[in-house]
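Two complexes come next, and they have one chain in common, chain A, joined by chain B in the first and chain C in the second.
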Partner chain A sequence: MSMKNNNHKLILGIYDDPDKVLAATRKVRKAGFDIKDVYTPFPIHGIDKAMGIQRSRLGIAAFMFAMTGLLTAVVMMVYMSWGDDWAINIGGKPNLHIPTYIPVTFELSILFTAFGMVATFFIVSKMAHGKNPTLMDIRQTDDRIVIAVNLHSDSDNKAISDIFVNHGALEVRERESSI
Partner chain B sequence: MAHGHEHEVVIKEEKFVMTAKDKRVATILMGGGLLLALIGIFTNHSEHEMLMKRIWANLLADGYFFFIISVCATAFIAIKAIANAGWHTSIKRIPEAMGTFLPFAAAVLIIVLIGGGSEVYHWMHHGITDPASPNYDKVIAGKSWYLNKGFFWGRLIVFFSVWILITRNFRKWSLQEDIEGGLSFFDKTYKTAAFFTFFFAFTFSMFSWDIMMSIDTHWFSTIFSIYNFATGWVSAITIMALTAIQLKKRGYLSIVNEDVIHDLGKMMFAFSIFWTYMWVAQMLLIWYANLPEEVTYYLDRTKNGWGFHFYLNIALNFLIPFFGLMARTGKRNTWWLSFVGCIILFGHWNDVYLMTFAGAMKDHHGISHAPGWGLMEFGFLAMFAGGFIYVLLTSLSKANLYPTKHPYIMESALHDVGV
Partner chain C sequence: MYESPIREVLVEGGKTYTDVSNDICRPLENKATKGWWIGFIVSALVLALWIGATTYTLMTGIGTWGLNKTVGWAFDITNFVFWVGIGHAGTLISAILLLFRQKWRMSINRSAEAMTIFAVICAASFIVSHMGRPWVAYWPIPLPNAFGSLWVNFNSPLVWDVFAISTYFSVSLVFWYLGLIPDIATIRDRANTRMRKFMYNFFAMGWDGSARTWNRYELVSLILAGISTPLVLSVHSIVSMDFATSVIPGWHTTIFPPYFVAGAIFSGFGMVLTLLVIGRVVLKQEEYITMGHLDAMCKVVMLTGSMVGLAYITEFFIAAYSGVEYEQYAFINRATGPYAWAYWIMMSCNLIAPQVFWTKWARSTPWFIFVLSIIVNIGMWFERFVIIVTSLHRDYITSSWAMYTPTWVEFSILIGSFGLFFTLYFLFVRYLPTINMSEIKAILPKKQAQH
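Now for the complex of A and B:
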């Protein structure tokens, strides 16, 4: 991993209550600080809006994968049934005929979408088999919620820390991270 | 939740007022529809027998369409209750009000079955199971242990009674809850919903065979009931969405946020695909196997002028909702959602029309020719739609527009589907 030079400083607020996390996140964002992410062991309703994250483009990717699958299926089937090279008589049905294409087109669209979305998710989340996960705090996999804020040279660490503490953080600390 | 947290949600009693204009529109639809239908009937020059078949088929198709919509509204309440869902609580009064149309639709079906049964249903023809009769039909005689009038009426009365009783109870308990509060009505609804869902799955299947599939008595399809359920279910959800949008436009239901409407739109989208899956599954297997006793159903529905309605099904019930509601913006723009919703409703009416008419309009050669849409079809449709709207709005005006003391009302008000 040659990410060492990408290391930067973060400040973490560690919580045990999703409502406090929501309030703290809103406050931090309102104060104009750069929220890196919120790490939570379970989904928190409304956290995406509180953090102000942009809408995921996964849906668009899914549509592209679906169209790729659809096209693959149609091209494959038309190629196979073009002419009489591989004509197979099944129930006397015509070789090139729309109803026979429906199941294969449907299945390949779905297959491509499913695989494509899983692959996209792994790539976007930088997950790979055998790679050591970088956790903000080991307890984020258990019962703690971590708000991570990027620290820039001009960031007011004290102000962020105060917001965290005022909203009931159990612990506030700084750390270096490569992600 | 952006809305929920920034300004407080206030749960207050809200009453819908059915204006004189609403009453007038519904009445004009009913009266004008009937008038159109009568003009259509009296200016019709086909032979008497075919005309009678067409009138009964009209009443049957519309009665069935609005019946399955009403009963699916009850199924919606039941399924949400057993799933312990909360998001729909703020629009729950709409399916409850839709259910109040059920007795009317049941009455129409009973009238059609008594008056026009032998016109429409092959198996009700006189002497069909009597080997001595010229009408004798061996195949139908073999099915007569199930398709005989005694058993038919017996089970239909049981289905109608139980469905109407449970529909009334759901609404009654929900309205009582507004006054008394507490969890007892929630629990009662939960338990009854568990029974209803189980009962409904079986009985709706038989109901769809009895009313729809037995028109083509020789023919059968094992996927038919779920396909019919999909028709009613997606139409019922579409009507819920349209009603909620209209109420919001008039300044009611401020508690219903755009995320709830968005979720209704998702269900319209998803169940349009579900309907298509069932429709294609039924068609494809029959087309592939090409068995004479199965394939006749589709020959009857693609030839002799029926092809238009057959292909219209694909366009209105699949292509338009699929591409129209795929994007998030399509589901969150209420104007567009209403527009696509109207297309979905018309498309499923077309589906029921095709199911009913192609079988019911058979002449003595056993062939049906599409009569096309005329004043009769649109007149009867307007009449039923007017009646449905009248009953729906009346029922809505009789109670709070959303349940104020339902344990999940706050969850629904704060419903959030994310970015």
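Now for the complex of A and C:
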């Protein structure tokens, strides 16, 4: 349900109770309306299922970054202690000594995972320092939860509004999406 | 969320979502109190002592310290291990307790993580200042250079330590910042001055509380917790290997990694208690950091204190059992030699003192918890002093035996590092929410939250 035109109307249901939001979201989705997003000041468990959000694939990304870190560490250490450059003889210890590589390999895997995964998260969530957010309601990061539904030319505004009100919305209003 | 009928609530006082935002934001939205200014100025003065003494050391050299040929490590590495250890409680609370689904962590994890970051900064400063030639502090980093290239020795635990501490610091910082973003957005949307709006808007990265973002965010937090857990264990294990891989009697023991990790958690929780017993009263957060939280932390202190105590006794037993004369002497010398006073301070502060937490009274009396937390901090500082100085000062050859006496410079750097720590902590309290608002809102009992 991607939006072709950038600016269109939204209908907002504003709540203060996560349980009511869950029920309303399920109902709106079941009725076939196009939920844009649910904005909440704290994570609501089960909202992803209610909205039909797929499980994030960031875990796979994290694993890839871990492997990159691991490979970087091993290649670096093998090259540096075994390469054509100055191989250092320290106490006659072997130059290619796998057990002593473990700590650095481990640390670099963690470092790459953490930074890679968080950077990926910022990119896919379109987050950046200094970005101005488009807030549906100024209190959506404080004590209000907002369900935003995209309105199409054939959408039944009244039906959506009724679902919102029946599930205990404090307020229902329309606005431009302006994104 | 399921609400257990028998468990105590994690947040008292029937708070609503609005109350949570108002209560947690109050210290940073109101004008700074007189108490804050006094604390900040005192810390900054102590920090000035640190700056002076460290600068003097860097300009003159480590000859300003009381080190000698036999005792080549003393206050510097003691302080380093002490501060790194303190840092570990932050990661333990935010990562390990998250994996174990311990919800009581939620009102203390933010300040504990801040403590981690500031403590690691203090620790790193000792690494640089003890080098003697701090202008080549970048040498442990494997950079191509004009000497060959001459690379670092990857068989050395000191090199592992560079990787471990820098990874630990940067991953902790990322974890902390990620946890702060939703709360920074809350402050942004409540801000009423242009400056505050601009600053918090900058750091909030456009956070709007979208459920899709929350969904990814929670996964990222979980994975970060998952990787931070082995990370924190590895960091102090590697710190302990700085000693354990050497051939010095008293250092060369296989028990070191788990023993150091337990000690780190012990000292870290000691410091968390020191900060929070005071902080919860001053910032009026008794309803968020309840007696139940203090009780749980006291139990952790008691458990880890006993683990450390067990390690002390095990070391003694293994020294006797090994039949190695040098090893046996190192331990007898610890308990009865010229530094026996330090050894017995360590034993009584770390093994004996925390046992009072078996009683409910001790766990529910804030002033007593505060006193005990200071005792734990002292004990754990002495533990590192005992391990380092008593193991070194009587060498294999009697002719090289020596005593170590710290100079005023070393004392100034030690005391001054608390100034560095507390200055950063006071700034944190003033500009960032000390309790994770979004997590607290998610665990409020349902019936009370929306009125």
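In this text, the second predicted complex is superposed on the first by the 165 of 179 C-alpha atoms of A that agree within 3 Å, B and C clash if a C-alpha of one lies under 4 Å from a C-alpha of the other, contacts with A are read in each partner's own complex, and residues count from 1 in each chain.
The criterion applied here is as follows: a residue touches a chain if its C-beta (ideal position, glycine included) is under 8 Å from a C-beta of that chain, and two chains touch if they have at least 3 such contacts.
Every value quoted in this text rests on a predicted model; they were computed, and no experiment measured them.
Asks: Kindly say whether there is room for both chain B and chain C on chain A in the superposition, answering fit or clash.
Replies: Aligned on chain A, chain B and chain C clash with each other.
Asks: Check whether A:Glu107 is in contact with chain B, with chain C, with both or with neither, and answer first, second, both or neither.
Replies: second
Asks: In the superposed arrangement, does A:Ser56 touch chain B (first), chain C (second), both or neither?
Replies: both
Asks: Contacts for A:Ser177 in the overlay, against chain B (first) and chain C (second): which applies, first, second, both or neither?
Replies: neither
Asks: In the overlaid three-chain picture, which partner chain does A:Ser161 touch, first (chain B) or second (chain C), both, or neither?
Replies: In the superposed model, A:Ser161 contacts neither chain B nor chain C.
Asks: For A:Thr134, using the defined touch cut-off, is the partner it touches chain B, chain C, both, or neither? Pick first, second, both or neither.
Replies: The answer is second: A:Thr134 touches chain C but not chain B.
Asks: Once chain A of both complexes is superposed, is A:Gly46 in touch with chain B (first), chain C (second), both, or neither?
Replies: first
Asks: According to the stated criteria, A:Asp17 is in contact with first (chain B), second (chain C), both, or neither; which is it?
Replies: second
Asks: With both structures superposed, pick whichever of chain B and chain C touches the larger number of chain A residues.
Replies: C
Asks: In the overlay, answer first, second, both or neither for which of chain B and chain C A:Phe122 touches.
Replies: Second partner only.
Asks: Do chain B and chain C land on any of the same chain A residues, and which?
Replies: 45, 48, 53, 55-56, 59, 93, 100, 103
Asks: Within their complex, state which residues of chain C touch chain A.
Replies: Residues 1, 16-18, 21, 142, 147-157, 159-160, 163-164, 167, 170-171, 174-175, 178, 181-182, 185-186, 188-190, 201-220, 223-224, 227-228, 230-231, 234, 238, 241, 437-439, 441-442, 446, 449-450.
Asks: Of all residues in chain A, which touch chain C in the complex?
Replies: Of all residues in chain A, those touching chain C are 16-19, 37-45, 47-48, 51, 53, 55-56, 58-59, 62, 66, 76-77, 80-81, 85-86, 88, 90, 93, 97, 100-101, 103-104, 106-108, 110-111, 113-115, 117-118, 121-122, 124-136, 138-143.
Asks: Chain B touches which residues of chain A in the complex?
Replies: For this pair, the touching residues of chain A are 22, 45-46, 48-49, 53-56, 59, 63, 91-93, 99-100, 102-103.
Asks: Hey, which residues of chain B end up touching chain A in the complex?
Replies: Spelled out, the residues of chain B in touch with chain A are 1-2, 4-5, 280, 283-284, 287-290, 326, 328, 416, 418-419.
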